[in-house]
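Encoded as structure tokens, here's the structure I'll be asking about.
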Amino acid sequence: MISFESDYIAGAHPKVLERLAETNMEPLLGYGDDKYCQMAEEKIRQACSCPDAKVHFLVGGTQTNQVVISSVLDDYEGVIAATSGHISIHEGGAIEFTGHKVIALEATNGKLNAADIDNYITTFYADGNHDHIVFPGMVYISHPTEYGTLYSKDELTAISNVCRKHNVPLYMDGARLGYGLASRQTDVTMPDIARLCDIFYIGGTKVGALCGEAVVFTHNNAPKHFITKMKQRGALLAKGRLLGIQFNTLFTDDLYMEISRHAIAMAEKLKSMLKEKGYRFYLESPTNQQFIILENEQMSKLVQNVCFSFWEKYDDSHTIVRFATSWSTTEEDLKELEKCL
Amino acid sequence: MISFESDYIAGAHPKVLERLAETNMEPLLGYGDDKYCQMAEEKIRQACSCPDAKVHFLVGGTQTNQVVISSVLDDYEGVIAATSGHISIHEGGAIEFTGHKVIALEATNGKLNAADIDNYITTFYADGNHDHIVFPGMVYISHPTEYGTLYSKDELTAISNVCRKHNVPLYMDGARLGYGLASRQTDVTMPDIARLCDIFYIGGTKVGALCGEAVVFTHNNAPKHFITKMKQRGALLAKGRLLGIQFNTLFTDDLYMEISRHAIAMAEKLKSMLKEKGYRFYLESPTNQQFIILENEQMSKLVQNVCFSFWEKYDDSHTIVRFATSWSTTEEDLKELEKCL
Amino acid sequence: MISFESDYIAGAHPKVLERLAETNMEPLLGYGDDKYCQMAEEKIRQACSCPDAKVHFLVGGTQTNQVVISSVLDDYEGVIAATSGHISIHEGGAIEFTGHKVIALEATNGKLNAADIDNYITTFYADGNHDHIVFPGMVYISHPTEYGTLYSKDELTAISNVCRKHNVPLYMDGARLGYGLASRQTDVTMPDIARLCDIFYIGGTKVGALCGEAVVFTHNNAPKHFITKMKQRGALLAKGRLLGIQFNTLFTDDLYMEISRHAIAMAEKLKSMLKEKGYRFYLESPTNQQFIILENEQMSKLVQNVCFSFWEKYDDSHTIVRFATSWSTTEEDLKELEKCL
Amino acid sequence: MISFESDYIAGAHPKVLERLAETNMEPLLGYGDDKYCQMAEEKIRQACSCPDAKVHFLVGGTQTNQVVISSVLDDYEGVIAATSGHISIHEGGAIEFTGHKVIALEATNGKLNAADIDNYITTFYADGNHDHIVFPGMVYISHPTEYGTLYSKDELTAISNVCRKHNVPLYMDGARLGYGLASRQTDVTMPDIARLCDIFYIGGTKVGALCGEAVVFTHNNAPKHFITKMKQRGALLAKGRLLGIQFNTLFTDDLYMEISRHAIAMAEKLKSMLKEKGYRFYLESPTNQQFIILENEQMSKLVQNVCFSFWEKYDDSHTIVRFATSWSTTEEDLKELEKCL
């Protein structure tokens, strides 16, 4: 059975495991206070061209969104997100669990629009009763989005400008950031992101790590006593080394981008293959997730040999499904898939 | 520099790393829905002689306490714990963060007393105004305690009986459970714990794993939709395999107990060494944590060559410090230490 | 300046004040444990034809929604509501503050549709990933709605049936319940509501009281230890008499309905007056709130002599405004208004 | 049956009811935005000699403590209080419900000691692991305390100095403030309190109002968007007039102090009477609450004719009970009581 179900079906990139093994018996301090966390932080600062950045390491994506958003917002504030945003639907209400509303705005192919954000915030402050309404206290975007799409540099700049105009921090969920940066159709770099966002995270779980996400506060804007806030949310890992060593490895010798480019190369081949075979795409995705529309019968057959994700119902006789490549996808996998299609 | 600072200074037991490497490229489902999690669950059930148990894997200790306690308690309930309990002081208010009071009772050497618990609950219900007071909804104990001490089977049975009498679940924090079970001075077995507690967790982070704790609900008493509750608390690991493979390895061929016995053997040697050298013990600990009282001057010298933990001030000229052994402590470490003492 | 701004611009109905004065020096127990609360509860049970109902008194509407919803939902559940529902927008995120998502469905003129609710819940359970999504744990409707509209008995029955089919409680926000029941265009009675809803509240603040709402749990379904849950949410009034005496008065000699009918009579006159003068209605409301569309210039003039509420922008040159009558509206007020129109 | 059970057994002072009746039909804006709230605020500022103070009106004591404490604290902070403090035990966990720990310090006769607070905070910051512990973010005292006792000006000054030294706000729960200020054994005035505390509240519920507490932020230190925070906690009263009119009346012509002095005069007589009859006092209280120790048999008899509060068990054969006077206690009541004693 060949698997294109998600980008977290395998363990870690072999170099990551190697480094974990090599450093295994070194006695190190806990809670992120070890040299590998420090080295990883420094390398990430350099990759971002952001010498003032403060980097914290967390275990998973939902945890990271929850910890960051609830630590930054004041009680009376909520977070603006796309209706299709991960925090809006697929995190079990983790943001609301911490007391904050997700203010969902309509999005196109997973992307928020700067003008819509501007309009929402402007209308909010113009409303004489806004004291009775949740304040917009942050803008959340995912890049790549949940549909694999990407913001262009212009779009990202426009959103950033709106956020700064209204003094609302911009936070980017980069669970698949590597696959966005490695896309052949992007003009956005890591330093662009660090410059345009106030906070973002670099996904490890889906890009070569066993677990782990690196949160970047780009300009001395980490919340006061963030370590305690992490602890209090059950998110401070005792053996911080597990995260530090992994990110230090991923940010050594360009490994993070190298494996991301591999995933994109595999995705491009997958895309061509699907196009050649006449499959119908739900949308044009420039990254590692590809969404196609299958007839339900066709789907029932395919699912016997290939693992993919059911995304949503398209109509009564069709379903949208997702194929994902990752750092672990091989040419072999693609050949196997080709036989099944 | 020789390190006895804590029981989480090293990575994972080499066999655990090996298994992670061997299984690394197997495509597996996420979120704990993989065969290794299932195998680990089954082995833990057997180790507990508890065929009905439901086992869930979480990443760390504070997270586990937070997720379990807040998932089991109703809004109007708090959790009884020792004033020295980990949840009472050293988890940054993680229980209160979820809306619940920690009802702290005085303890002796880290241990709660069955009669004190009984008295507290009885007095609570006898108070005509108890509708204005937080209800006692759970009893939390740690075993070994934060002071390395252990409950005897009689003591644990007495606490369990009080809990059942009042219909309040008993939850055991087993962050260092292996070191408790392997102690030469215990009459408590894993099946005893499964029989006497309603919920307990088997610590991995401090006993051979990179991370991970296995929560055991002993009698079909896992909260409804616990997976969603984990997700909502940011505690559902995407690559559940990381936890499943580790616990499956630790519970294969008695590895968990074997490495725990090793830590205890090291602790016994450490204890003899300290006693021979005339060091003064703060209390008698039968497990891997040893607490001694140092003169402050003596401490200042020792700290130059040995890492240990400052515990608390004893008096103006003395300090209580902790030495911890673990699965990773070697005879070499002890020899090095002997030179420094 | 004549005031049609809202239905809470005056104090209490004079009979309510009288009874507060008459009973003022009687020594009574606190926290709702007094005879007036008991008498009020009994009269409400009779008005509902619901002898098993349990009635609790709370101070205000947002508080009532917050206390009821957060007390009934389990952690993993959210509440379905119209996008225009009071809890969705105008309560400052009070539901999310307690950890729960408001699942907003599109509504027509403030009303949810049974089929939409059914479809949402059915789709939810059909989604293989629903463990990662907030569970629908309650349906919230307001009656009258925020737009003054009413559910017909058929519509309410349909919603009730959907809720029971899915085992999800139906909760009605009756902040203006009297004005709904007294409408000339309704076929819904208080016993209908008690029969079709699982929980509802009878608004006092907007219908003759200084403050106060009466929550009715219709079939022994009040959450366990609801008093403690109220206390814990800061919502248990020390002098419960203040609520008991008011509701006891409002439910004596049909006062609640009598004053509600008066408000509706005033609203009907207002409506005729506005229609005659050629004002354009935003929608047809059968209750005490009337929404009209004003040209912005016209609005600027009118606002100099009459208080009304700005509701929302209609287009660049028009605004929707609200006129509300209440138990305190007089014929005089209407005459004054007529002069200004 | 004569009642000394609590200081909230009667309605409101007659002048308060009168003013509610007189102003009843005036159309007023909601949510505290009316002239009576403004007038009350101004009068309270004057009574406090604190022209910069910001005053907000809330409905009840637990609500006030919850709203103030949770609005002022950052996530990682808890509030220091006496173990006998109202928030520590008798508010159903309302503080923890909002995510914050109550850090309970031992107290004497209900009073915290400045040196104990200083020591706690100093020790906290000296602990190398304090990032894993809840930060002390506020000090809560009640005045009078739950035992009727009072801080002297020196004691209050000492606590205030400790708080300012550590930059931790001092918050006073003044549920019975009038009875403290009117005591014959106090040297503390309202301006002293406003000068020494950062926040305090003036209790209305127990001192002449139907409901209501006035929170005073003494130096432009009200939390940002406090109105929204109140709304979000279900604590913003729609008809704010109910609170504004009551406090405006209580702070006109010294009514608040006049009725407080009456309660104290009644308490002094009660005290003399009890002393003459040979009753044993649990402690010396200079305010309206008197605690005496009764033999259980004696208590069983007395309870047939007099309402008082059971406080706590003293020993197996004795119980501590409380008699409370208030603005509504009459000479008649005392005469009746004398007959029963």
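The letters A, B, C and D name the chains in turn, as written, and every chain counts its residues from 1.
Heads up, the rule we're going with is that a residue touches a chain if its C-beta (ideal position, glycine included) is under 8 Å from a C-beta of that chain, and two chains touch if they have at least 3 such contacts.
The model shown is predicted, which means the values in this text are computed figures rather than measured ones.
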Quiz item: From the centre of chain B, which chain's CA centre is farthest?
Solution: C
Practice problem: Name whichever of B-C and C-D has more C-beta pairs touching across its two chains. | Solution: C-D
Quiz item: If you average the Cα atoms of chain B and of chain C to get two centres, how far apart are those centres in Å?
Solution: 50
Quiz item: So what's the Cα centroid distance for chain C and chain D, whole Å?
Solution: 33
Quiz item: At which residue positions does chain A touch at least two other chains?
Solution: 75-76, 91-93, 97, 99, 131-132, 228-229, 231-232
Quiz prompt | In the complex with chain D, residue positions of chain A that touch it | solution = 70-71, 74-76, 99, 131-132, 135, 224-225, 227-229, 231-232
Quiz item: Where on chain D does chain C make contact in their complex?
Solution: 3, 5-6, 8-12, 14, 17, 20-21, 23-30, 59-67, 91-94, 97, 205-206, 210-211, 228-229, 231-239, 241-242, 307, 328
Quiz item: What does chain C use to touch chain A in their complex?
Solution: 75-76, 78, 89-93, 96-102, 104, 128-129, 131-134, 310
